[in-house]
Amino acid sequence: MPVINVKMTHEDGGASKEQKEEFTKKIANDFEEVFKRSSKNAVVIIEEVNTDNYSIGGETITNIRKNKA
Amino acid sequence: MPVINVKMTHEDGGASKEQKEEFTKKIANDFEEVFKRSSKNAVVIIEEVNTDNYSIGGETITNIRKNKA
Amino acid sequence: MPVINVKMTHEDGGASKEQKEEFTKKIANDFEEVFKRSSKNAVVIIEEVNTDNYSIGGETITNIRKNKA
Amino acid sequence: MPVINVKMTHEDGGASKEQKEEFTKKIANDFEEVFKRSSKNAVVIIEEVNTDNYSIGGETITNIRKNKA
Amino acid sequence: MPVINVKMTHEDGGASKEQKEEFTKKIANDFEEVFKRSSKNAVVIIEEVNTDNYSIGGETITNIRKNKA
Amino acid sequence: MPVINVKMTHEDGGASKEQKEEFTKKIANDFEEVFKRSSKNAVVIIEEVNTDNYSIGGETITNIRKNKA
């Protein structure tokens, strides 16, 4: 029954359809397993965010990636 | 005064401009009617989500639509 | 099918159970009416926020209410 | 690296500390496994919502539970 | 350590990369200054929303802009 | 005009009213300064989250704090 919202950066062409399906199934299973509740109505929404728009510690992921390279 | 966030799947070409205007007005009115408070500052944000990125019960909407067809 | 998240201030003892039921039903109906899609899986989540934690234009609602009084 | 927000109803005394730890670890692992990316900075936030404030298909969970009983 | 989500309208070609970097850094600094806590893990996510999908007081920003012109 | 949502852990008695006012004002100012747009309708919502419900890298903040002590 939960609503789960995932925000991740869009990198290397983005998450594939198969990855999103797999991730979604795993989370629904985890929910059932851990909380012993049905995931029949579990909603999972995945949002992919441009690396210019996602920052950690005041640095955009774009710049974090650049500085590492 | 509320902030209302709507996440819906992007299907059949997406919601039209007119539908979004209408939905937004209705929600603002509902808020006034039910809670007896002003909706002058009510913010409604509509996000349309790819059917690959939205799942219910561990199945993406893309697959749910396919299995129904 | 949408997920709708409502954040409103908690004032005057808070929204009643009946108001929340009514608001929720209205939004589900609006969704069906405007977008011609089923609201069978529509999730509406209402969050009531302390007036110290909600601000508009840089002023908390607590202070906006005080200045108006 | 993702930010994952989980909204679930607060029922039967609420999720235990142990369940929240376990769920959080599982999601972080799933993320690594499926997307082959580090979960070092993965943030998971769990919010438990009163059953009066969470509705599906226009019915609050409070009422859905009551009608089933 | 906070997660900060910013939803703003996409106007005039959108926010520039430099503006997003600057805004993100300022918010991380504010957090440190005001709360005396590290912003090392602060996540800031900026989402730009089409003016048709963002409304205030029941009017979309698209229409608010048009009526002002 | 933006909507800004801040989720931070509730620690040491929580953020004070004054801190929340100050943070809110700073963010509204930053927005004006960086994006050259009015913050008249800027909404900032601060949510304080129990350290059991907030995790980084698969560890709850409760446990991260404990392991550091």
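Each chain gets a letter, A, B, C, D, E and F, in the order it is written, and its residues are counted from 1.
As a working rule, a residue touches a chain if its C-beta (ideal position, glycine included) is under 8 Å from a C-beta of that chain, and two chains touch if they have at least 3 such contacts.
Just so it is clear, the model here is predicted, and its values are computed rather than measured.
Novice: Supply the minimal count of touching-chain steps required to go from subunit A to subunit E.
Specialist: Minimal hop count between subunit A and subunit E: 1.
Novice: According to the touch definition, list the chains common to the neighbour sets of subunit B and subunit D.
Specialist: Of all the chains present, those in contact with both subunit B and subunit D are A, C, E, F.
Novice: Copies subunit C, subunit D: same or different interface, half of numbers shared as the threshold?
Specialist: On the two sides of the subunit D and subunit C interface, the residue numbers are mostly different, under half being shared.
Novice: Repeat of A-E among A-D, C-F or B-F, where over half of the residue-numbered contact pairs coincide, is which pair?
Specialist: C-F
Novice: If you tally contacting C-beta pairs, which comes out ahead, A-D or B-E? Let me know.
Specialist: Between the chain pairs B-E and A-D, A-D carries more contacts.
Novice: Quick one: which chain's Cα centre is the longest way from subunit E's?
Specialist: Result for max centroid distance from subunit E is chain D.
Novice: Would you identify the chain whose Cα-based centre sits farthest away from the centre of subunit B?
Specialist: Looking at centroid distances, F is the chain farthest away.
Novice: Could you say what rotation angle superposes subunit B on its sequence twin subunit F, using C-alpha positions and rounding to the nearest 5°?
Specialist: The rotation relating subunit B to subunit F comes to 180 degrees.
Novice: Measure off the straight-line distance from the CA centroid of subunit B to the CA centroid of subunit C, and report it in whole Å.
Specialist: 14
Novice: Indicate the whole-number Å distance between the mean C-alpha point of subunit A and the mean C-alpha point of subunit F.
Specialist: 21
Novice: Taking the mean of the CA coordinates per chain, how far is subunit A from subunit C in Å?
Specialist: 26
Novice: Which residue numbers or ranges of subunit B touch two or more of the other chains?
Specialist: In subunit B, the residues touching two or more other chains are 3, 7, 27, 41, 43, 45, 54, 56.
Novice: Is the chain-to-chain touch network here best called a line, a ring, a star, complete, or other?
Specialist: Per interface graph, the chains form some other shape.
Novice: Please list each pair of chains that are touching.
Specialist: Result for touching pairs of chains: A-B, A-C, A-D, A-E, B-C, B-E, B-F, C-D, C-F, D-E, D-F, E-F.
Novice: For a test of understanding, state which residues of subunit C touch subunit F in their complex under the given definition.
Specialist: 7, 49, 52-60, 62-63
Novice: Please give the residue numbers of subunit C that touch subunit B in the complex, ascending.
Specialist: Touching subunit B: residues 1-9, 11, 15, 19, 22-23, 26-27, 30-31, 33-35, 37, 41, 54, 56, 61 of subunit C.
Novice: Could you please specify the touching residues of subunit D with respect to subunit E in the complex?
Specialist: Interface residues on subunit D, with respect to subunit E: 3, 41, 43, 45.
Novice: Touching residues of subunit A toward subunit B in the complex: what are they?
Specialist: Checking each residue of subunit A against subunit B gives 17, 20-21, 24-25, 27-29, 39-48.
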